[in-house]
Amino acid sequence: MAKPLVSIIMGSDSDLTIMKAAADMLEEFEIPFELTVVSAHRTPLRMVQYAVQAADRGLKVIIVGAGGAAHLPGMIASLTILPVIGVPIKSANSIDGWDSILSILQMPGGVPVATVGLNGAKNAGILAGSILAAFDPIVSAHVAVYKKKLEQEVLQKVDSLKADGWGNGFDV
Amino acid sequence: MAKPLVSIIMGSDSDLTIMKAAADMLEEFEIPFELTVVSAHRTPLRMVQYAVQAADRGLKVIIVGAGGAAHLPGMIASLTILPVIGVPIKSANSIDGWDSILSILQMPGGVPVATVGLNGAKNAGILAGSILAAFDPIVSAHVAVYKKKLEQEVLQKVDSLKADGWGNGFDV
Amino acid sequence: MAKPLVSIIMGSDSDLTIMKAAADMLEEFEIPFELTVVSAHRTPLRMVQYAVQAADRGLKVIIVGAGGAAHLPGMIASLTILPVIGVPIKSANSIDGWDSILSILQMPGGVPVATVGLNGAKNAGILAGSILAAFDPIVSAHVAVYKKKLEQEVLQKVDSLKADGWGNGFDV
Amino acid sequence: MAKPLVSIIMGSDSDLTIMKAAADMLEEFEIPFELTVVSAHRTPLRMVQYAVQAADRGLKVIIVGAGGAAHLPGMIASLTILPVIGVPIKSANSIDGWDSILSILQMPGGVPVATVGLNGAKNAGILAGSILAAFDPIVSAHVAVYKKKLEQEVLQKVDSLKADGWGNGFDV
Amino acid sequence: MAKPLVSIIMGSDSDLTIMKAAADMLEEFEIPFELTVVSAHRTPLRMVQYAVQAADRGLKVIIVGAGGAAHLPGMIASLTILPVIGVPIKSANSIDGWDSILSILQMPGGVPVATVGLNGAKNAGILAGSILAAFDPIVSAHVAVYKKKLEQEVLQKVDSLKADGWGNGFDV
Amino acid sequence: MAKPLVSIIMGSDSDLTIMKAAADMLEEFEIPFELTVVSAHRTPLRMVQYAVQAADRGLKVIIVGAGGAAHLPGMIASLTILPVIGVPIKSANSIDGWDSILSILQMPGGVPVATVGLNGAKNAGILAGSILAAFDPIVSAHVAVYKKKLEQEVLQKVDSLKADGWGNGFDV
Amino acid sequence: MAKPLVSIIMGSDSDLTIMKAAADMLEEFEIPFELTVVSAHRTPLRMVQYAVQAADRGLKVIIVGAGGAAHLPGMIASLTILPVIGVPIKSANSIDGWDSILSILQMPGGVPVATVGLNGAKNAGILAGSILAAFDPIVSAHVAVYKKKLEQEVLQKVDSLKADGWGNGFDV
Amino acid sequence: MAKPLVSIIMGSDSDLTIMKAAADMLEEFEIPFELTVVSAHRTPLRMVQYAVQAADRGLKVIIVGAGGAAHLPGMIASLTILPVIGVPIKSANSIDGWDSILSILQMPGGVPVATVGLNGAKNAGILAGSILAAFDPIVSAHVAVYKKKLEQEVLQKVDSLKADGWGNGFDV
């Protein structure tokens, strides 16, 4: 099995429903990854170890999902030089996701977290792909294919709307 | 010098302007305290050590001020059994204080932070006093005197408004 | 029956569903407590009596749950020197909990309320435990055990994710 | 001196700058009033006495200004059958006024506070006038004159804009 | 049938589910009222006529419910000298009620609307009662009885919690 | 078939449920229109072509629905001199619609988007009608009839409320 | 002097500082306009007359600026079939502009207001130009020139950044 | 001169005050970069060309600053496979930065933007460094040194607080 290049971690296994979308994208891009639970508040020492060892273990990007007062992405970022992608999760104890977003996004100068939209695990996976693509032509090809597919899906919807009797005049 | 019972820490020395109000209250209550800078994001390992040793060093309460994506109060709380009082600070990089408040207040089940109002360092000091007062008659007396003083100040304002020609009829 | 050290009060019995989690934690910590309904707006004089007598009756901490324009925690705090823990409740008449949070958290200088997260009754119970733990070795042991349990639960989830085929490489 | 029909109270004399506008309107309407400081959090017992005696002292309306976690209007309303007008004040410790508004407006069923806009003390005075006007022809005449004046001021601005070269065509 | 003293109007009959609670309170207080639909945006001229004639028809208070960009309360207030009570409704097209609240509450200086909480029609009815009570001993008695009933209901809940095994120690 | 004067476009066919209401209004006004899917993010080049050719193809108004980080309305507006009506959609990935509203409404000086309320596709259709009505007497007549119908519907509700026993006194 | 095609109205002459930007754009597009003060709350009957006569007086578009609980744009829209452009103004009594935006934008189905960004009077003028441009080749040419100018200004900044030593590589 | 690996673009040269901080970090990390103005709304075709050619020109990361309805980061992301870092700017026309944040962060599934905090250009530069560091040992060393420097600065503040008489007891 290939050594993981990307790590997907989350504060609780209840976040897996959301975070699985990141894993799906990495699989589509054929990027080897690992996935586990690391809790900033319940296993803080495990979190420190995880972050401190990440670069040496060969990881290139860490994707971190968390909700509410979401400290995991920022703390991981403080403990590694790897790029950290934060996924704010609208978990059960979150106030419509605002707490999740603000406590991941608003990091102080010096310690960035690359934040994606609320529950945006899929985009976190794609972003990890883009980062690796800059240096890996195979991943790069996968990402390009994916973008093309996005476009094709829209064009099919255009056609199917026409078939349903909508639209007239514009043809691209 | 008495051994500190309360600790006041903050993410940056620029927070001292706000956090000094906590120190002032502890001095008024004659509670020995220590005050230092501990940054969750820039000195994460120092933070772990500080929190892990706090109870053994004899501290009873930790007051933590932080702003923006404020992870320090919650991380300290995850690493100690001491009660942690969080002071959301409206720092320069904060969005009107909302990020500071939500990333301190909205802790997950299991790891509470006793949050006070925005920039509420004074109230953090008083709250620490109330916590110690439950077990220390001298602190208890100090807190009671302080509350009485609050009331007296209002009554003096009542009188001074009367002297200015306002108010008529109600006398308490 | 042991004399209560902690009080749990709430504005309405409909809040009991949320506030019961505080009682559960106190039971787990073997801390004797009382629980009742006190309404700031419908029984203001009962509220005054309750708060004024609380310290003399031997209580050490008061946990107060309320929602909407939530005045009970702050008013209790104004009438006692005991530490007051406020639990903002997302009640039926609340606007996504924002009113509950702001009307509990944003107390004026001089009268703190130790606010926990929205519907955070469980954390209120743990915070009360932490406050008592500072002076009671048995409660202290209970809180330490509880924190250990939190960690164990996460580690079990780590293992069960591995058993499900996720994760590879990191072992702590 | 006429017995006060309206009371204007506020949590702190620093609110007088805002609340004076209510007094100005009552003077314009020739409605006798009293004005004093009553703090929910620093003088809770004075607050209870004030509210409980208000109706018997002949008051007909109570105007209450407060900011931050603003409990004074709602607590007064819980202790009297008089209509209570709440003025949310954007005080120094307020978060852009949101806390002031929500903790005054969002009262539970059973205990209304007639809330006006942020810093809307002038409107509180006019509202008190409208309430009394329903039963007092002289106040009623004053309120009607005031409304007419509002209209005249706008029409003068219309003319002065015309004189400045703006506007052409519409004449009312 | 007694001549109406209070009017309850709303922008749409779909608001009746909410606004009925105001009617219920007025019935409990034996205050004669009328209730109808007046739309600021769909029947603006009817709205003008309604507001302009309201005082002459003997009405003393107008309760107005509206949601979204809620202009009805403020426009009625601009066209009458009667006190207008605004009820922000969380209607289908409202953004969690924020639009309803702000477009009713934030009236310019000169034209107040006595705003109650979101969906607070019950409180609007009670507030109308309080306003009339200041000049009508029978309504006053009704309001006082209602407040007493609120208190009794809480005390019964206290007893029923005790019967369920909760609470021990405090007896008021 | 008449050449379309109005275009209705949206970022995804899942928005059709909302956007159909615009089509319904245009049909009621007998305004020929086209409807299709154009995605700013998935088919950016198709978007450019669509916008650049729109005026030359004889379109007079473009209605654009989008949700989340909604860039389609503003980008279309940057690429055409036609008036663009933006419909913020509360799509699945939107935070209560706030992102949709702000990313459509807050365009920089120079490039306006005529924004309607959240999910306000019906109003977008009516607004397009109003714009054409200014120059087309038939459309103008349709819009006037529609407004009259709005009024009639309210008056019918007034009557039906009366028939249900509500309302007494005011007759317009 | 040409008969006005566009009207610019505002609730107060203090809004002229903001609204003048709309007039400036109309002058640049050589579109004749009128400008005056119409207050929804202080001159409601003047407002009704203004709106009812607007179409007959030959106006094609009405631009309306208002702040706080901003009812003028929506009320004008309810009284005319002309397209109404609403400009939310962050006036002195506004809460960061949120009240202005929501009370203009969130109109009920049937009565649209074409809302532009906060203080977006310039964009309101351009939008009025776009609406007229659809039927007037001279205005159309003006709008096209304006858009070209916007582009030129950016390209000049590109060059001036280069001259300052920034940028290297991309040349368009 | 080295070929740029990172691009810094912004919608207006007025954003340069903020965005310069990204350039400063890249210089500190010795990463060659280019910097220019590209406006989504005023030069949309230039934007398309810029994004489409970026990867072929050898760029590895694009940093994009924008404010208000900020479409530039997302549109660039839709037109390239390179990772795009978005910097929400609190520009003059922004509502406290909320519009900037939401219109950059909340991208639809398929097209991520790596968003940093409000005005977080410095963090954008560091994040670009982290991304390149994963594949470039020299950049990696620079980032590691930078992180060490952050820590040293905090420790110096700790010492200077001690020198000022604060702190006693904890030594790390």
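Order of writing sets the labels: A, B, C, D, E, F, G and H. Residues in every chain begin at 1.
The definition used in the following text is that a contact is a pair of C-beta atoms (placed from the backbone, for glycine too) under 8 Å apart; a residue touches a chain by one contact, two chains touch by 3 or more.
Remember, it's a predicted structure, so these values are computed and weren't measured experimentally.
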Partner chains shared by chain E and chain G (touch criterion as defined above): D, F
Chain G reached from chain C - shortest hop count over touching chains: 2
Touching chain B and also chain H, the following chains: A
Centroid-based (C-alpha) most distant chain relative to chain F: B
Chain F against chain E, contact positions shared by both copies (same if over half, else different): different
Chain whose average C-alpha position is farthest from chain D's own: A
Distance from chain F to chain C - Cα centre to Cα centre, in angstrom: 49
Averaged-CA centre spacing for the pair chain H and chain A, given as whole angstrom: 18
Approximate Å spacing (C-alpha centroids) for the pair chain D, chain F: 41
Distance from the mean Cα position of chain B to that of chain A, given in whole angstrom: 36
Per-residue multi-chain contacts in chain G, two or more chains: 12, 42, 68-69, 93, 95-96, 98, 105-107, 109-111, 113, 117-118, 120, 150
Pairs of chains in contact (touch as defined earlier), listed by label: A-B, A-C, A-F, A-H, B-C, B-D, B-H, C-D, C-E, D-E, D-G, E-F, E-G, F-G, F-H, G-H
Residue numbers on chain E that touch chain G, as the complex places them: 11-12, 40-42, 44-45, 48, 68-71, 74-75, 77-79, 93-95, 98-99, 102-111, 113
Touching residues (chain side chain D, partner chain B) in the complex: 1, 3-4, 7, 12-13, 16, 34-37, 39, 41-43, 46, 49-50, 53, 57, 68-69, 93, 95-96
Interfacial residue positions of chain G with respect to chain F in the complex: 60-61, 81-85, 101, 105-107, 109-118, 120, 122-124, 126-127, 130-131, 133-135, 140, 143-144, 146-147, 150
Touching residues (chain side chain G, partner chain H) in the complex: 96-98, 117-120, 150-151, 153-155, 157-158, 160-162, 166-170, 172
